[in-house]
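Notes follow once the structure below has been shown.
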Amino acid sequence: MDLELTSDQRAIHDAIVQMVSNHMDVPRSGATLKPVEYCYADQLDRDLAEGEFFSLALTEGCGALEAALLVYETGRSPLVLETAGAAFIGPLLTGRDLPRPVAVARLEDLTRAVRFLDRARTLIVDLGDDVAVLSTDGLAVEPIHSMFAYPLGRLMTLPDFTAAERLGAAAVPRLRRLWRVGLALETAAALQAAVDFTTAYVKDRLVFGRPVGSYQAVQHRLSADIQRVRAVYWLALKAAWSGGDQDAALAALYAQQAITPINYDTHQFNGALGMTLEHTLHFWTFRLRLLQGEMGGARTQAAATVAATWAGA
Amino acid sequence: MQLAYSSAERAFLAEVRAFLAPWRGLGQYLQGRDHAGLRAFYKALGVKNWLSLGWPVDHGGRGLPPIYEFLLWDEMAHARIARPPLSAGIVAKTIIRYGTDAQKARWLEPIRTGELMFSLGYSEPEAGSDLASLRTRAELGPEGYRINGTKIWSSSAQDSDYLWLLCRTGEVASRAAGLSLLIVDLRAPGLRIRPMAKMSGNVFCELFFDDVIVPVDQRIGPQDGAWKMMNASLADERHVQFPPKRVLADYETVRDWAMAHGLDRDPVVRERLAELAVDVLECQAHALRVLTAQGDDVRASIAAAANKRASTDTIQAIARAAMDFGIPAALTTAAPIEQLWRQTLEESLGGGTTEIMTSIIARQGLGLKA
Amino acid sequence: MGGGARSLDLALPPEAVELEESVRRFCERRLGKDVNARRDMPFSWELWAEMAALGLLEMAGTDMEQAQLFACIGAEQLGYHGFPGPVAQSIAAAAAGLADWDAVAAGERLATVGAGTTVAWAALADDIVLITPAGLCSGIAGAAIDTLGRSAVAEVGAGAALPGDAHTVRARFDMALAAYTGGAGRFLVDIAADHARTRRQFGKALGEFQAVAFPLAEALMRLDGAQQLARAAALAIDAARADAADLAAAARLSASRAALRAAFAAHQTFGAYGVMEEGPVGWLSRRIQEYAVLEPSVRGIRQTLPLQGAAVLDPELWPVVEET
Amino acid sequence: MDFAWTESEQAYRAELVSLLEQQLPPDWWDAYAYDGPAGPELMVHARRFNAELAQRNLVVRHWPRAYGGQEASAWSQIILSEEMWSNGEPRSSLYLGANWAGPAIMKFGTEAQKQRYLRPIADGKLLWCQGFSEPEAGTDLANMKTRAEPDADGYVINGSKVWTSYASRADIMFLLARVGGSGKGGVSCFILPVNSPGMEVRPIPAIHSPHDFNEVFFTDVRVPADALLGEPGKGWDIVTTILHYERIGAARYEFSRRTLDRVVAHLKQRGLFDDPTVQAELATALAATEAARLLTYVVIDGRAKERPPGPDTYVARYAMVQADHAVANIASTYLSDLLTEQGDGMLRSHFTSAITAGIAAGAAEVQLNMISGRYLGLPRGA
C-alpha cells in the first residue's frame, strides 16, 4: 500500500492545481440583486483541453486515479466545470473520449432536472436494464433556472433510445459504479473547499473579543467536519482505484451523508455574511445540495452498499 | 396546571382566522418582498386595533394578556402572512415604558394604525452577536446627534420609514454602558442604503451613516441607557418571536409534499416524519413555557432560549429531511422544499445564534459558565 | 406587559406539588440522596409496598379529576430517583381490569405491562398485561432474561383475555413511561452538571468547556419539552381527548430520545467515571434504553404515530373554560 | 498511489489467520473474550498464546533485528493489529509492550534497560499496564499528583492511579509520576513490576466489564534509580511520542467491521435484515468503519515512510470512535438481549469496548481539540 502520489501523479496533480488556481475569480453580482446562478469555467475548460487533461483516464501510464485527481481538484473551485462525466465516467465506461460536457442521468430524472444537460454535448442515460450514450444534438432540452450553482436542464420529450448507442445490460453496474465515484469526488472537493473557506474565516472573525474559531462549540464541529471531509476524499480515491461496487457505493454514501452537517456548520460559522450572494460560500453549498440528491440520494447508495456487502447468505 | 382556552380567547381566534383568510400566503416564507402588500396589511390590522393588543388601555391599546398577541401572531405565522412588526412591538413598547409624553404623543398613534414601518439597526459588520462591541457613533452637538458608522443585516430598511438604531454615545470601552437608542428617518441626508441579496432569495441592507443628523428628541430613554431598555423590550416580545405555528407550517408543507409524492409509504421516510412531528410538538411545548413564564424572568429567559433553539433546530431538521428524501422534484425552485431549505439556513443566526441560546440554557439552567 | 395567561397554565395544582414533594422525600429517605446508594438498589417488595402506600398507584386507578396528571407527576419523580420496579407499567395496568387490582394498588401484588414476547419486570410480576392487536390478555412468564437495564425482563407467552381497554392501557403506558424516562434523563443531566461545575480540568471547571456544557444544555432543553408533552398527554387522558393515546405516544418518543441524549451527554461528561459499574450514569441509562426498545417500542411509535403536529396548542382540542 | 496489499503482506495475514484458527478455542468469544482483552480468562490464555506467537517470531516483527524484530514495515504491524483486535486481542496487553512501551525503551532507555526489557517483550513474556490517569487527571495528564521523591538508591513513589486496565494481572507497569516541578515539566516515566511492595491493585467494576478497570495505590513504593526511563522531568516528551502511537495502535475499525458482519447474521436470523431502516443504518455504520480504516492507513503510510507524526492521527482516532459507536448503536437497538452475559460474546465484547472508545487514549473531545489546533490551526480558547 502506498497512499502518496507517485512522482508522475504529483506532476499531473500540480499542473492541474496550477491551472485551477488561475481561474478562481467569481464575477460579483454586486448590488444588482440578480443572483449569480453559477459561473462556468470556460477558460479553464479550454486550458485543460489543450493540455489533454480530459483524456487522462485513457492515456498510457495513467488511468482512473489520475482522472479522479482532475475531478477532485477542479471541483474545489467556486467556478463550475464538468469533469466527472467527460474525464472519468465517459471514457472509463466507453473506452473513448466523448464530446464535452457530458451529462449523466437516470431515465426517470431526464424530464426533471439533470446536471449540465443544458450545456452537454453527450448524454449518458441509465435506462435501468441498459445504458444509452447519445449526442444532445437535436434533443429538446429546456434549461432550468435554479440557484443550485450548476447548469441544469431537462428534456422536453424523451428521445428514441432504440436509435441511440446502447452499451448493454452489463454496462449498467459499471456506469453506476463510475457515477458513484464521480459523485463522491465532486462532493469531496466541494466539502473541502467549503470547510477550508470557513476555517479561514473563523480564524479572523472576532466575536466577544475572541476569534470565532476559538470557541469550542465551533472548533469541535469543524473538527468533526474535517474528519468527514477527509473520509470522503479517501473513500473516493480508493473507489476510483479499485473500481469495486462496494467501494463506490460506500464512497457515495459517506459523501452524501456528510453534506447536511457540513452545509449547516459552514453557514452557521460564516454568520450573516455567509448568507449573502456576495460571499463565495454559497457556490459550494448549492452544488452540494444538488449532489446530495443525485442518483436517488444517500438511501439509494445505502441499499447499494448493503447489496454489495451482504447479499446472499 | 390547565390546558384550556376561555370562550373569549376562542372567539378572538375565530375572528383572527376569518380576518386572515384573504391575506394567506402574503409573506410566503415570512420574508416576502411584497412590501406594499405588507403595508396594506399592517394598516388593516391597525383598523382592527390588533397592533396594540397588549398595550395599556391608556396608551390606545387593548390591555389584553399576552395570549392574545400570541394567538394572533401564531396564526399569522401559520398562514405565512407576516411577522410582528418592529414598530408595534419593540419600538412602541419601549416608548410606552421609557418615552416622554411628547414622544408617546408623536409616535404611538401612527404605529398603532400601522402607518409607520420600522427597521432594526443593531448589528454591524464587526458586531453581530456581540452587540456591546458595536461602533456606530452618535456625537451630541448643537443640531442633535451626528451619526457615523455602518449597520448591516437590516432586513427591510429599503422599504421602511424609520430605523430603530442602537449606537454608541459613550466611550468605546464602555461596552454595553455606552449605548443609546435613536429613531432615525431612513430618508435623512447622509444615510445610504445598500441592499444585498441573500441565499434565501430575500434582501438585507447595509446602512452607511455619513454625518447623519438626528434630533435629540428622537432619542428614546436616557443617553447611554439603551442596554436595559433593549433587554426589557426583548422580554416583552418573547412570546411572539418564534411562534410554533411557523414550525408547524413548515412541517405541514413537507409532510404534505412527501405524501403527495407517495414518500410516506417508505418506512424510512415515514419514521423520519414521525420524529419531526414530535419535534413540532416539542416546539409547542416550549412556546407554552414561554407564554406561561411571563413575569418570572429567569424561567422566561431559559424558556425563550429553548424555544428559539428548538424552533430553529426543528425548521432546519424539517428542511434537511425534505432534501434528504432526495428526489429531484425537491430541487427545482418551483417546489416549496428548496425555498424552505434556503430560508432555514439563516434561521439559526438571526435573533441570537444557536450557540448563544445554548449558552443561556447552560448558564441559567445548569449553572455552567460556557 | 400584562400578567400571565390564565387559561393556559403550567403551574401544578397544590395537591400535585404536595405529591411530588412526598415522593421526593420518600425517595431521598429510602434510596438515599447519593446516587451511589440508588444505583445498587434492587427491586424490593418492602420498598415497593412503601411506595404504594403513598397512594400513587391507587389514585392512578380512579377517575378522579386530573388523576393521570398526578400519576404523571409521581412517575416523573420516581424516574428521577431511578426507583426500581414497574412504576410506569403499574400505572398503565390500573386500566387493565385486573381482578386483584386493589392488591396491586396496595403494593401487595406486582403488575407489569408490555407487548410482544419479552416484557420488563415480568420475571417478578404476579400480573402481566399484554397489549395485543386483538386487545388485552394476561401474560404467562417464561424464562427470565438478563439484560443490561436490569429490569427483570422475562419471556412471556399469551394467556387469557383481560376485560380492560387496550387503547386506554396503551395511552397510560406511554404517558407514564414518558414521565419516568424523562425524570431519569433529568437526573442524569443534574448529576452531570453538578460534576461539571465542580470538577476541574486544564485549569478550568469542566462546565466552562462548551464541548461539555452544550450537550448538557441541549439535553436539558429536550427534557423540558418532553416533560410538558408528558404532562399534556396526562391532561389529555384525563380530559378523555380522542387523540390522547397519540399525544402520549409522541410524549414517549420525545422523552425517550431526550433521555438518551441526556445519558450520552452524561457519559461524556463523566468520562471514565461514566462507564463504571458503580458509576453514576450507566445503571439508569441502560434502563432508559431498555424501555425504549422493549415492545411496545419507540420504533413502533415512529412507524404508527399519526403525522399530525398540532396536538399541544390547538385550542379546538382542549376544553373551554370561563375566565376568572 | 496504490491501495493493494503486497503478496508478502497477504501471506503474513494468512499466517496470522491460520494461527488464530489453531490457537483460539471454538468457544473463544463466549468463554474467553467476552469481557475484552483484560478479562481474566483471556489474560490467562494470552500467556499460552503469546508463547506461540513468539515461537513464530510474530510478536515484534516490526522491530529492528537487534531487538528481536525483522524490520517489517508499519503495514505488517497494522495487519497484526487488525487480526488481533478483531479477535478480541488474544495477546491481551502484550501489545502495549510491542506497540509503544518497547519502542519507548528503544528510543529513550539506557543500554541496560534495553537488555532487560526488550528481549522479554519479543519473547511474549511481559503483560503490560499503563499507569497514566489519576482521579484528578484523566485526559489532563499534566495535572497528575503521584510523586516520585528521589532518595539515596532511587525513588519513593506515593499516590494513586485509576482506570488502569490489565493491572490486576499484568507483570509490569509503565508509570507516570512527578519528580519535582508542576505541570508538564515534572512528569517522569518509570518502569516497575506490578507486584512491587507498597503497590496495591483494586479492581473497579464497570458497566462494560468487571475486569477492565483498576485503581492502583502506591504507598512508599521504592524503586531503583534505573526504574526511571529517560531524564527526570522529561517524561512529557516520551508520553506525547508514545501516546501518538497508542491512539491508533489498536485497529478498532476492523473489530467493528467484523462485528457488523455478526450483527448482520443475527438480523437475518431474526427477519430484521430486509427492513430498509435497518439497512440504512448498516450501510452507514459500514461506511464509518471503512472511513476509519482508510484514515488510519493514511497515518500508517506516513509511519511506514518514517515521516514525523502529524495531526492525521487525531482524525483517524476520532473516525474510529464514530465507527465503534455506529456499530454498537445498531447492536444495542436491535439485539440488546445479546449484549448480556448469556448473549453473544463477540457482540458483548465489541459493545462494551465501544462504550469506552470515546474515553480511552484521550477522550473524543481531546481528539477534537487536537484536530482544531493541529489540523485546522484554529486559535486556542481564552
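The first chain written gets the first letter, and so on, giving A, B, C and D; residue counts start at 1 in each chain.
Keep in mind that, in the parts below, a residue touches a chain if its C-beta (ideal position, glycine included) is under 8 Å from a C-beta of that chain, and two chains touch if they have at least 3 such contacts.
On a predicted model such as this, the values are computed, not experimentally measured, just so you know.
Among the other chains, B has the CA centre that is most remote from the centre of subunit D. Annotation: 48 Å between the Cα-based centres of subunit A and subunit C.
Separating the centre of subunit B from that of subunit D, both taken as means of CA atoms, is a distance of 53 Å.
If you average the CA atoms of subunit A and of subunit B, the two centres end up 38 Å from each other. Chain centres here are Cα averages; for subunit A and subunit D they lie 38 Å apart. Of all residues in subunit B, those that touch two or more other chains are 267-268, 271, 355, 358, 370. Within subunit C, contacts with two or more other chains are made by residues 209-212, 214, 299.
Annotation for subunit A: residues 215-218, 220, 298-299 touch two or more other chains. If touching chains are joined by edges, the resulting network of the protein chains shown connects every chain directly with every other.
Residue ranges on subunit C touching subunit D, taken from their complex, read 118, 145-148, 153, 200-202, 209, 211-212, 267-268, 271-272, 274-279, 282-283, 286, 289-290, 293, 299. Listing the residues of subunit A that touch subunit B in their complex gives 29, 31, 33-35, 109, 112-113, 144-148, 206-209, 215-218, 256, 260, 263-264, 267-268, 271-272, 275-278, 282, 285-286, 289-290, 292-293, 296-300. Remark: subunit C residues 209-211, 214 touch subunit A in the complex. The part of subunit A that touches subunit C in the complex is made up of residues 215-217, 220.
Looking at the complex, you find that subunit D touches subunit A at residues 1-6, 9, 75, 261, 264, 268, 273, 276, 279-280, 282-284, 286-288, 290-292, 294-295, 297-298, 300-301, 305, 312, 315, 318-319, 322, 365, 367-369, 371-372, 375-382.
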